[in-house]
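Got some structures for you, see below.
Below, subunit A partners subunit B and then partners subunit C, in two separate complexes.
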Partner chain A sequence: MKEPIEKIAELYNAETTENGGRYELTLAKENIHDAAAYLKREYGYDFLLEMVGMDYGDTLGVIYYLSQSTNPAPLLVLKTSTEKSDYPELYSVCDLWDSAEFYEREVYDFFGIMFINHPDMRRIFLRSDWNGYPLRKDYDANPELNPIPHRNEFLVDMERVPSITMSMGKEIETTRSLFDHDEYIVNFGPQHPAMHGVLHLRVSLDGEVVKSVDPNFGYIHRGVEKLCERYTYPQILHLTDRLDYLSGTINRHAFCLCCEKALGLEVPERAVYIRTIFDELTRIASHLLGWGSMCMDMGSITAFIYGMRDREKIMDIFEETAGGRLMANYSVIGGVANDIHPNFVKRVKEFIPYMRKMMKEHHLFFTGNPIARGRMDGIGYLSKEKAISIGATGPGGRASGWRNDIRKIEPYAVYDKVDFEEVIRADGLTFDRYVIRLDEIEQSLRIIEQLIDRIPEGAFLNKPKGVVKLPAGEYFQRVENARGQFCVHITSKGDAKPYRVKFRSPCLTLVSALKEVAPTHKIADLIMLGASFDYVIPCIDR
Partner chain B sequence: MQQMISLQDLTLWIDEFLRNLFGGTWALLIEFVLIGLALLVAYAVLALFLIYAERKICAFFQCRIGPNRVGIWGIFQSTADMIKILLKELIRINRADHFLFRIASFIVIIGSICTFAALPFAKGIQVLDFNIGVFYILAISSLGVVGILMAGWSSNSKYTMIGAMRSGAQLLSYELSCGLSLLAVVVLAGTMQVSQIVEQQSDLWFIFKGHIPACIAFVTYLIAGHAETNRGPFDLPEAESELTAGYHTEYSGIQFGFFYLAEYLNMFIIAAIAATMFLGGWMPLHIPGWESFNKVMDYIPSFVWFFGKTGFCIFLALWVRWSFPRLRIDQLLNLEWKILMPICLINLLLMSVAVIF
Partner chain C sequence: MEVKDIRIPNMKYEDFKDNEYLEEYVDELRKNGVNIFVGKINDFLNWGRSNSVWPLTFATSCCGIEFMCVGAAHTDFARFGWEVTRNSPRQADVVFVCGTIVHKMAPVLKRLYEQMAEPKYVMAIGSCAISGGPFKNSYHVVKGVQEIIPVDVFIPGCPPRPDAILYGMMQLSRKIKVQNFFKLPGQPEIAE
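Our next item is the complex of A and B:
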C-alpha cells in the first residue's frame, strides 16, 4: 500500500495525506490521467469505485476512489481540482475504466466540468437545455431560469453527441450523430412494462437483433444529493430509503454507519444484530422480487406472483416491528428507531423453513424449466475483466467470478461473526446471474439463522446528544446492498447540515453492463438481460 | 344411440314453423338472421365466460383468489369489463392508415366467427357442414393473420410493426403443423366432413382408434394450435414485456375488445377442434363391447360432452400458458421447422401406413 503512494508522490508531485487509514493523493489536473494510468498499469488498480464531484468554493474538483480487484479492501483516493471558470476542464479517465463514462457525465451534469477525450459529453440526468449546474454552490435555483415545459415534446431519435478532444495541444470540439441516419431505432421506455421504472433505452435494431443501446436517465431524478445539503443528518436518513427502494434498509444502514463513524458513536450490540437481520431480510425480499421480475420479463407471470407472495411474508415482519413495509425507516443514527416486536423472533424463525421449502419449489418450477434454460443458456456473456472495468458490483459481477462482496471484504455490522459463503460463479452468463440470486437467498437465510437466537439484551438506541453535527472532514462508508456496493461519501464542515453528500449507485454501472452485453442479442434477450442485472431506476436517478 | 337427445328435432321444428308462416324464401332469410344472431350471442357469452374462467383458473395457479367483487365469486367481472370497454374512447392515431387500422380488428373477428360457425356444438347443432369442413376450418381460421398484419402495419408504431412481423412468421409456420396434424385424422376418417368425422367416432374416439399416430397428431396439434392462438409460451406477437402489447398496442375501446375477444375465442376454437377431431366431439365415450356402459354414457347430453372435452383442452392450454416462460423468436421457429413439422410429416406417413394395412 505504501509503495504506489510514494511512487506517485515522487513521479507526479502529489501531496499525500492520510484520512482514517485511507491514503489520499492530491494531484494537479495535468497529471491526473497519467497518474491514474500508472496506478492501473503498475499496481493493478483496475476498479474505479466512485467519482465524487466537489465544489470547494473557489475551485471545482473530483475525488476518485480506486481499488484493486486482487486486494479489494484498501481504497486509494485521488483528488484533483480545476479553477472555477465558465468552462472548467479535466482529463477524462474513461479510457482506463469504463465506469468513468457515466461518472464523468454525472460530474459534468452537476458541476459543469468538461472532460477532455470523453467520447460522449451529454448531460446524463438533466435536460440538455438546462441552465446552470445544480450542485455548484453558486447555482441559481430560480424556477424562471428553467421553466417547466407546458407543451408536448417529441422524442428525438437522432441526437448529436458533443465531445472534446486534444490534438496537437489544441482543444477541438466535435459533435457526432448518436445513430446513423438509416438505423431503425425503437424507444424502450420511459413508459414500458419491462423497464423496472422509468429508464429509457434507445435501441437500434436490425430486424430482431439489437445493434446498440443508448440509455437515458433522469426521468425521476429528484436531486437527492442537492436536497441533502439542505437537510440535517437525521432528515437525510429518510431520503436514503428512497434511493434503491428495494434495499432501502441497507442504504439507510450505510448512512447511519457513516455518521456513527464520524461521530465516534458507540452503537449498542442489540441494534447491530437487529440491523444485520433486517439487512438480510431486505436482501431476500429484494432478490425474490428480482428473481420474479426476471421470470416475468421472460414471460412467466406466475413466477413473479410466487416471488411477491414470499416477499409479502418479509414485508409483514417489517410492518410489525418497524411500522413501514417497503420503506421500513428503521435504522437511526446510534441504533434503531424502536425495539423489535415481541413476535419478531418467532416470525423470523417461521419464515426460514418456509423460504427453504419455497426455494425448492422455485427451482423445480422455473430453474429446471427447459424453455427457461433454453432462453438463458449461453446468452449475455460478461467477462470478469469487463465487469471490473465497468464496476458491475454485486450479484451481477459475482456471476462473472469477481469477488466484490463488502460483507467479506470489509465486514461491517456483525458479518465478521457469522459463517456464510460469498456466492461466486465463473461463467458470467445470464443463467449465472439468475441462479446467483437464489443462492444468495440461501446464504442470507443462513446468516439470519445464526443471528436470530443471539440478539443480545440491552438498549437498542444510543441517541447522540443534541443536534447531530459531524466534525469537519470527509467520511466514506460502503456496504453491500442487494445490487452491489452502495457507498456514502459525506463532506462535512462541522455544521448540522452536510457540505456535500454523494451516494454511489450500484445500478448505474449495471446499466452500462447492459449496454455492453446487449448488442448482437435479440429484443427478447435485451429485456431478459436488463432483468438479469436487476437495476432499480430510483437508485440511478438519485 | 337412440336415447340421446338430438337438438335437430328442435331446429327442424323451428324451420317447419317458419316455412308454414312465411313461405320458403322469407323463412330462409329469417333463419339466416336468427342463426347469425345466435352465433354472435354464443360467441360473446362464451368469450365472457372464458375470460372469467381464465382469470379464476390463473388465479388458482398463482395462489390468488382472482376476481371476487362483482357478483358472487366475481362472476360478473367480465361483464363489467365488457361494459367498461364499450364505453371507452376510440383513440384516433396520428398518421396511421385509418382505413386499414379500423378494418383490421373486424377481419380478425370475422375470421374467428366464421371458424366458430363450423363447430359441431352438439348433436344436431352445427351451422356449416360442408363436405370439405376441415379444409374450410383451416382456411378461414388463417384469415386472422391478415388482420393482425394489417393492424401492425397500419398503426404507425414500431412496436406493432415488430409484433406483426413476428406474428406473420409464427402463424404461417404453425399453420403447417396444424394442417398436417389434422390431415392425419382426415386420413384415418377418410372424409373431410366434420359431422361424418364425429359420426365415425361413435364406436371409439380417434385418439384411441388411431393408435400411436393419432396420439402424436393430438399432441402436435395441441402445441401448434396453442401457437396459433398467440398465447404464452408462444405469445411473441404481443409479448407484453418486450413489445408492450405487440400488434394491438395502439388500439383502444371496443376495437381492442375485438382483438381480445378473438384471442379468447380462438383458444376455444382450437380446443374445440382438438376435441372434435381427436376426442369425438359431442360423441359420448363408447367402448366396443361394453353395451350397458355405452348406454349410461348416452344419457349425458351431447353438448355436455362437447363442452366438457373442449374445457379439458382449454384447461391444458391455460396450464401451459401460466407455467412456461416465453420462447425467443429463433427458438419458436426452430421448434416448428426442425422439430414439429418433420414429426408431423412422418406421422402422416405412419398414419397412412396404419390405415392401409
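Our next item is the complex of A and C:
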C-alpha cells in the first residue's frame, strides 16, 4: 500500500495525507489522468468505486475512490480540483475505467465540470434545458428559473452529443450523433411495465437484434444529495431509506455507521445484532421481489405472487417490531429506534424453515422450468474484467466471478462473527444472475439462524448527546446492500448539517452493465437482461 | 326516485370518512331527478364500472412497491375487481400515481393522463404524490400531482399501507357509484 503512494507522490508531485486509515493523494489537475493511468497499469487499480464531485467554495473538485480487485479492502483516494469558472475542466478517466463514463456525466450535471476526452458530455439526470448546476453552493434555487415543464424533452441530443477533445495542446469542441439517421430506434420507457421503474432506454435495432442502448435517467431524480445539505443528520436518515427502497434498512445502516464512526460512538452490542438480522431479512425480501419480478418478465405471474407472499411474512415481522413495513425506519444514530417485539425471535425462527421449504418449491417450479431455462441459458454474458471495469458490484458482478462482497472484504456489524459463504458463479450469464439471488437467500437464512439466538441483552440505543454534529472532516462507509456496494461519503465542516453527502448507487453501474451486454441480443432478451441485473431506479437517480 | 346505493359490502357507511361530498352528489341527483328508465340504466352502468376499475401501471418509486403488494397474494385487490392492471393508458380507467413526480417526469405523466379515455380518475398515493412528501424542498420535485392533473382520491402515508390503498380504492368506487353516467361532472380543465 505504501509503495504506490510514495511513487505517485514522487512522480506527480502529490501531497499525501492519511484519513481514517486511507491514504489520500492530492494532485494537480494536469496530472490526474496520468497518475490514475500509472496506478492502474503498475499497481492493478482496476476498480473505480466512485467519484464524488465537490464544491469547495472557491474551487470545484473531484474525489476518486480506487480499489484493486485482487486486494479489495484498502481504498486509495485521489483528489483534484479546478478553478470555479464558467467552464471548469478536468481530464476524463473514462478510458481507464468504464464506470467513469456515467460518474463523470453526473459530476458534470451537478457541478458543471466538463471532462476533456469524455465522449458524451450530456447531462445525465436533469433535462438539457435546465438552468444552473444544482449541487454548486451558489446554485439559485428560484423555481421561476426552472418551472415545471409542460413538454417532453426534445431529444435533440441524438444529433448533438457534445464532447471536448485535446489535440496538440488545443481544445476542440465537437458534437457527434449517437445514432445514424437511418437507424431504427425504439423508445423503451419511462413508463413501461418491464422497466422496473422509470428508466428510459433508447434502443437501436437491426431487425430484432439490439445494436446499441442509450439509457436516459432522471425521471425520478429527487435531488436527495442537495436536500441532505439542508437537513440535520437524524433527518437525513429517512431519505436514505427511500433511495433504494428495497434495501432501505441496509442503506440506513450505512449512514448510521458512517455517522457513528465519525462521532466515535459506541453502539450497543444488542443493536448491532438486531441491525444485522434486519439487514439480512431485508436482503431476502429484496431478492424475493427481484426474483419474482424477473420471473414475471418471463411471463410467470405465479412466481411473482409466490415471491410477494413470502415477502409479506418479512413485512409482518418488520411491522411488529419497527412499525413500518417497506420503510422500517428502524436504525438510528447510536442503535435502533426501539427494542424488538417479544414475538420477534419466535417469528423469525418460524420464518427460516418456512423459507427453506419454499425455496425448494421455487427451485422445483421455476429454476428447472424448461421455458425459463430457454430464456436464460447462454444469454447475457458479462466477463469478469468488464464487470470490474464497469464497477458492477453485488450479485450482478459476483455472477461473473468477481469477489466483491463487502460483508467479507470489510466486515461491518457482526458479519465477522458469522459463518457464511460469498456466493460466486463463474459464467456471468443471465441464469447465473438468477440463481445467485436464490442462493444468497439461503446464505442470509444461515446468517440469521446463527444470530437469532445470540442477541445479547442490554441497551438497544446509545443516544448521542445533544445535537448530532460530526467533527470536521471526510467520512466514508460502504456496505453491501441487496444490489451491491452502497457507499456513503460525508464531508462535514463541524456543523449540525453536512457540507456534502454523496451516496454511491450500485444500480447506476448495473445499467452500464446492461448497456454493455445488450448489443447482439434480441429485443425480447433485453427485458430479461434488465431484470437479471435488478436495478432500482430511484437509487440511480437519487 | 330512490338514489343509488353507495354501500360497500362489509363496511359500514359511517366507517367511511368524507361522506359529505358524496351526499352532496346524491342531493344534486335527487333534486334534478331522472326518469326511472335512465336511472336504472345509469345504476347498472355504475355498478359495473365501480366493480371493474382498471388501473394503469404507473409507479415511479417506493409507493409502487406497496401498490404491488396490494395486487399480490396477501391483500389482493382482485377481490374488488381492480386486478386488470393495464400497461396502456388507452385501456385504463384510473391512474395510480405511486411515488414522487419530478420535473422531468411531469410532462410524461400529463401526457399519459391525456391519453386516457373519459371517464378517467386519478389517485394520488403517498405523500410524494400529494405534496412532494419528504422531498418537498427539492429543486426537482413537483409539489403534488394536482399541479399537473386533477386528483380524485388522496391516500396519505409514506408509503401508505396496503389497507389504506384499499380504503382509497373503495372511496373511488363510491364516488363512481353516485355519478350520473350520462352527465358526468365535467372533468376540471388541466392547468396549462
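Just so we're on the same page, the second predicted complex is superposed on the first by the 533 of 542 C-alpha atoms of A that agree within 3 Å, B and C clash if a C-alpha of one lies under 4 Å from a C-alpha of the other, contacts with A are read in each partner's own complex, and residues count from 1 in each chain.
By definition in this document, contacts are C-beta pairs under 8 Å (C-beta built on N, C-alpha and C of every residue); 3 or more make two chains touch, one makes a residue touch a chain.
Just so it is clear, the model here is predicted, and its values are computed rather than measured.
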First, second, both or neither for A:A524, with subunit B first and subunit C second: first
Contacts of A:M298 with subunit B and subunit C, given as first, second, both or neither: first
Which of subunit B and subunit C A:P193 touches, first, second, both or neither: both
Chain touching more of subunit A, residue-wise (subunit B, subunit C): C
Partner chain in contact with A:E208 - subunit B first, subunit C second, else both or neither: first
Touched partner set for A:N369, first subunit B, second subunit C, both or neither: first
First, second, both or neither for A:R309, with subunit B first and subunit C second: both
Which superposed partner A:Y184 touches (first subunit B, second subunit C, both, neither): first
Interface residues of subunit A shared between complexes with subunit B and subunit C: 192-193, 305-306, 309
Sites on subunit A touched by subunit C in the complex: 125-127, 134, 139, 141, 143, 146, 148-153, 190-193, 197-198, 218-224, 226-227, 230, 238-239, 242, 245-246, 289, 304-306, 308-309, 312, 315, 325-327, 537-538
Residues of subunit C defined as touching subunit A within the complex: 57-62, 64-66, 68-69, 72-74, 87, 99-100, 102-108, 110-112, 134-135, 137-142, 147-148, 158-159, 161, 192
Of all residues in subunit A, those that touch subunit B in their complex: 184, 186, 192-194, 205, 208, 295-303, 305-306, 309, 365-366, 369, 371-372, 374-375, 522-527
Sites on subunit B touched by subunit A in the complex: 58, 61-64, 158-159, 162, 166, 232-233, 235-236, 239-244, 322-331
